[in-house]
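What follows are several structures.
Two complexes follow with chain A in common, the first pairing it with chain B and the second with chain C.
And now, the complex of A and B:
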C-alpha cells in the first residue's frame, strides 16, 4: 500500500496559519516567564525584604504616623526602583539569550510572526514584573498592617490611661496613624510603578532589537531612563545655568521630543504621601502607557521585521 | 510599505516616527503633567538652590526617580547631624529635603523643631562657645526656623502643624507673646486645628501689650462657650485681665482665681477645682 500523498502545498499550509494568534503570543509569554524564573530573578525579593525590615527597625525620634510614612515611602520607592531596573535587565537579556541558545531560530522557523514574538517576550516580562510587584506589595502591606495595628493599640492604651483625652481626641489621633497605614489607594501606587516599568520594558525591547549585546542594551536603556526622568526636572536648572542659551534650548527640546517623559509615571509618590487619587488621571496615564507600548513595539517591529539571523 | 522599507534607511524611519510621536505627545504630556501637579500626585521640580546643594549621589538619585528614597535617606542623615549637634549641616540637609518633598509637612515641622527648639536650646547651654557667639547663633537658628516656617507655609498654606511648631519657637525660645498669639490665631482658623490653638491665642494675646481688651473679649467668648472651655488657665487669664481692665465686679466671672484658691484650699466653698477636677 502506497503512502498517501500530501494534499496541501507548503504555500497553502502557510496560508492556513492565522495571521495573528493570541495563543502563540501566550505560549511565548509563558515560555519567557519560565526563562526568567530559571534565571532566579525572584531572588531580588529577598533584598527588598531586607530593605523594608531594616527601615522598619530604624529608631529616630518620631511619631507613629511619621514612622509609618517613612516605611511606606522607602517600600514604594524600592518597589519602583526594582520594577524599572528589572524591566530593563530582564528585557535586555531575553532576545540575545534566545539568539545564544538558538531558541530564536527555532521559534522564527515556525509560523510565528515577528510581532507575536515581540509581544510574547514583552508579555512575559510584564507578567514577571506584575508578579514581583504583587509579592513586594504583599510583603510591604503585611509589615505596614502589623506596625499600624501595634501603633494604634499602643496609642489607644496610652491615651485612655492618661484620662485627659476625650473619645474624639483619641479618634482623631488614631485617624492620623490610620491615614499613614495600609490604605486601598496604595494599590494605585503599585499600578503606577507597573505602568512605568511597562514603558521602560517597551523602550528596552526596542533597543534590544538592534543592539549587539545585552550590556549595550542595559547601559543605553538605563541612560535613556535617567534622561527621560531627569529632563523635566532638570530643564529649568539647565536653562537657568546656561542663561537660556539657544543651543541648550534646542538640545532640551530635541531630548523632550525623542525621549519618553518617565517622570510623569512617578505619580505614585503623591499617592504614597496620602494625596487623593484622581481616577481620570490614572486612566489617562494608562492610556499614555498604552500609546508608548504601541509606538515602541512598532519601532521594534520596524527594525526586527526583516532582520536576518 | 515594502518599497518604503527597502528604499528608506531604517534609522531614518525610526527617527521620523519618534519625532512625529514626540511632537504629538509633548502637548498631551504637558497638560497631563500640569494636572498631576495640581492634584498633588506629582511633585514640582526641586528648586535650583536645592539642586546645587545636593551631593552627586543624591542628585543622581533624584533625577533617576528615587526622590522619596533620597529624601528618606537625607532625613536619616539629618538625624545624624542632630545627634552630633551639627546644626549647619542639619539646616542644609533640610533645605534639600524640603525641596524634594515640599508638600510633606512633617519635614518642615522637623526643620523648625530642630533649628528653633533643639539648636537654640543647645546654644543656651553649650558653654564651650563664648556667650556673645552663643547669643548670636541662638538668634540665627531661631531666624532660620522662622524662615523654614514661612517657606513651608507657602507650600502648605493650610498647615496647622507648621504653625503650631512655629508658635512653639516664638513661645518657648523667643518669648514673643505678640507673635505667638498671631501664629496661634492663624492656626486656629485652619481646618483641623486643635481646640487648644484658640485658647493659646487668647492666652498670649492677653500678654501682648495693647491687646488686653481684644484678648478679654476673645477669652470671655471662649468662657461663654461652656464648661469644656473653662480650663484653669483660661479662668486665670480672665481674672488677670479683669484686674488689668478694671472690669466692674458685677460683670466679672464668678469663679475664683485658680492660683489663689490653690494656695487657700480651706477657704474654698467649691468642692471642685476649675475644669471639674475634684479635690481629694
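And now, the complex of A and C:
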C-alpha cells in the first residue's frame, strides 16, 4: 500500500512539560472551589447561622457562664458536624461526577498526573471547609462576644447595685463569665474540627476512587466515620468480653489499622468547655492528620493510577 | 520520511467482565499509524473498538499487549499528552464555568498563564465563533456550541495532534457543517487529526487516509482513492471520442491517435457504500445462520 504524502506542513513540537506541577494542582483545587461555590454549597452556612441565632435567643433559667458554655457547646458541635458532613458529601460527589460527565477524560487527556488530580480535588474541598469554618467561627465569635459583653455588664451592674459584694467578688464573678466567653483557645477547637474533616475527606477520596456511585461512597464514609468514633471503646469492650481471644485481637488490630480513630480528634470538646490546651497535643494531632492523609492518598493512588476510564 | 504522529503496533485490549472472569477482546492485534500533518479517519460500527483504541492512544487505558506511541513517546507518558488535544464524544465540561473560564482552566493545566493564555483564549474563541458567548455559562450552550468550545479546549496548548471522537454526534446539520469546516481549517494549518466517526460522508470529506475496523481488527486501510476504487472494473475517460469510437473502444483505442486517453483507472464508489458492503459481508460471515446449517422448509 502506498504511503500518502501529507499536503500540509506539520507543526512544531509542543513546549516541555513539568513532570510534577503545583500549578496544575492549584488549578484543579481552585476549579473545585469554584465548582462547590457555584453548587451553592455555602447555603449550609445559613442553616448554621439559624441554629446559633436560635440557641442565642433561648432564655433558660441559668447562670450567664452556663448559658455561654451551652452556646459554645452547641455552636462548636454544629460547626464540627457541618465540617465532617460537608467533607464526606462534597468529596463523594466530585470524582464520580467528573467520571460520569466525562470531564475527567478531558482533564486526564491533558498533561495532568492522576496524583495531581487527586491532590487538587482534596485541596479544593479543604479550602472550602477551611473557609466555611472561618466564616462559622466568625459568626459564632461575634454572637459569643456580644452575649459575653451583655452578661458582664448586667452582672457588674447588678452586683454593684446590690452593695454586698467586694470588688474582688465582682472580679471573680466576671472572670467566671469571661472564662466561658470568647477565648483564643477556641481557635484550636476550630483547628481540631478542620483536622478531623481533612482526614474524613482523605478517607472519602479513597472510597470514591473505586466506588460505583456517590451514594455508596457517602454511606460507607459515614459508617467508617461512626466506627472510627467508637472503635476505641468498642475494641476495649470486645477484648474484655472475649478474654483477649487471639482471633478477636487480630480483628481489633485490623480495624485499628484500617479505620482512623476519630475519637482522638474530639479534643475540641474539652477546649470548648474551657480546658487548658497542651501545645504538644496540637502538634501531635497535626502529625497524625498528615499521616492519615498520606496513607489514604497513597491507597487512593494505588486504585486510581491504573483505573481505566 | 515524515514523522509519525501516532503509531499503534499489535495493540490488543482485553476486558474482564464480572466476577465470572469472562473476557472480551475489544481490540485484537491492531496496527496502524498516522503521519504527521495528515487527517486519519478510523471508522467502524458501535463496539468495534474505536473508542478503546483512542483511549489507549490518549493514555486513559493501558494496552493488554502491543504499544501505542504519540510522536515517538509512549502514550502513557505525560509529555505525549502535551502533544494531544482531545475532544470526546458528547463532551460535558463543567457547566458552571463560562466559555472563557473553561479555556482558562484547561490552559492553566497545560502550563499557560498571563497574557499568552489570554491571547490564546481570544484567538480560539474567535476561531470557533464563540466570542459573543464567551462569558455565558456552558449550561446555556447548545450541543453545537459545546462541541465547538470542546474543540477550542482541545487546541488550547497548541498540540500537534488532535483526536476527535465523533465530533458531530448529535449536532444539527448546520452545526455539523461548521465543525467540518473547522476540521478542514485545522488541517490547512498543519494539525494532525485522528478522527473517529461513523458519519462516513464526513470522513470522506475530510480524511486523507481511512482505516475500517470491525470487532477490534483492521479490515481495510488506505487513502480514500485506494479504498473507494472498485478493483474488478476499469473506467476510461476520453476526450473528443466519437460515438463510433465508443462502440469499438476496447479494440480501437490504441489504433486511433486522435483520441487521447486522459485517465484510466477504477470507477469510484462512495466510502458509505464500501462500509455497508463490508459490514454486510462481515455480518453474513459471523451470523449463526452462516455457521449452523438450518433445516429449510
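The rule is short, and it goes like this: the second predicted complex is superposed on the first by the 274 of 309 C-alpha atoms of A that agree within 3 Å, B and C clash if a C-alpha of one lies under 4 Å from a C-alpha of the other, contacts with A are read in each partner's own complex, and residues count from 1 in each chain.
Here is the rule we use: a contact is a pair of C-beta atoms (placed from the backbone, for glycine too) under 8 Å apart; a residue touches a chain by one contact, two chains touch by 3 or more.
Only a predicted model underlies this, so the values are computations on that prediction, with no experimental measurement involved.
In the superposed model, A:101 lies in contact with chain C only, and not with chain B.
Of the two partner chains placed by the overlay, only chain B lies in contact with A:226; chain C stays clear of it. By the touch criterion stated above, A:77 is placed in contact with chain B alone, chain C being left untouched. In the superposed pair of complexes, A:306 makes contact with chain B and with chain C alike.
When the two complexes are overlaid on their common chain A, residue A:286 makes contact with neither chain B nor chain C. After overlaying the two complexes on the shared chain, residue contacts for A:18 are found with chain C alone; chain B is out of touch. The wider contact with chain A, measured as residues touched, comes from B rather than the other of chain B and chain C. With both structures placed on the common chain, the touch criterion links A:113 to chain C but leaves chain B unconnected. On chain A, the surface touched by chain B in one complex and the surface touched by chain C in the other have residues 306 in common. Listed in rising order, the residues of chain A touching chain C in the complex are 1-19, 21, 23-24, 27-28, 31, 34-35, 38-39, 101-103, 105-113, 306, 308-309.
Residue ranges on chain B touching chain A, taken from their complex, read 5, 10, 13-15, 17-19, 21-23, 25-26, 28-29, 32-33, 35-36, 39-43, 45-46, 48, 51, 60, 62-69, 71-72, 75-76, 79, 101, 103-104, 106. Looking at the complex, you find that chain C touches chain A at residues 2-3, 35-38, 55, 58-62, 71, 78-79, 81-84, 86, 88, 90-94, 96-97, 101, 105-106, 108-111, 113, 150, 153, 157-160, 163, 187-192, 208-209, 221-223, 226.
Within the complex formed with chain B, the residues of chain A that make contact are 55, 58, 60, 66, 69-70, 73-74, 76-78, 80-81, 84, 196, 225-226, 229-230, 232-237, 240-241, 256-258, 261-264, 266-267, 269-273, 275-278, 281, 284-285, 288, 291, 295, 298-299, 302-303, 305-306.
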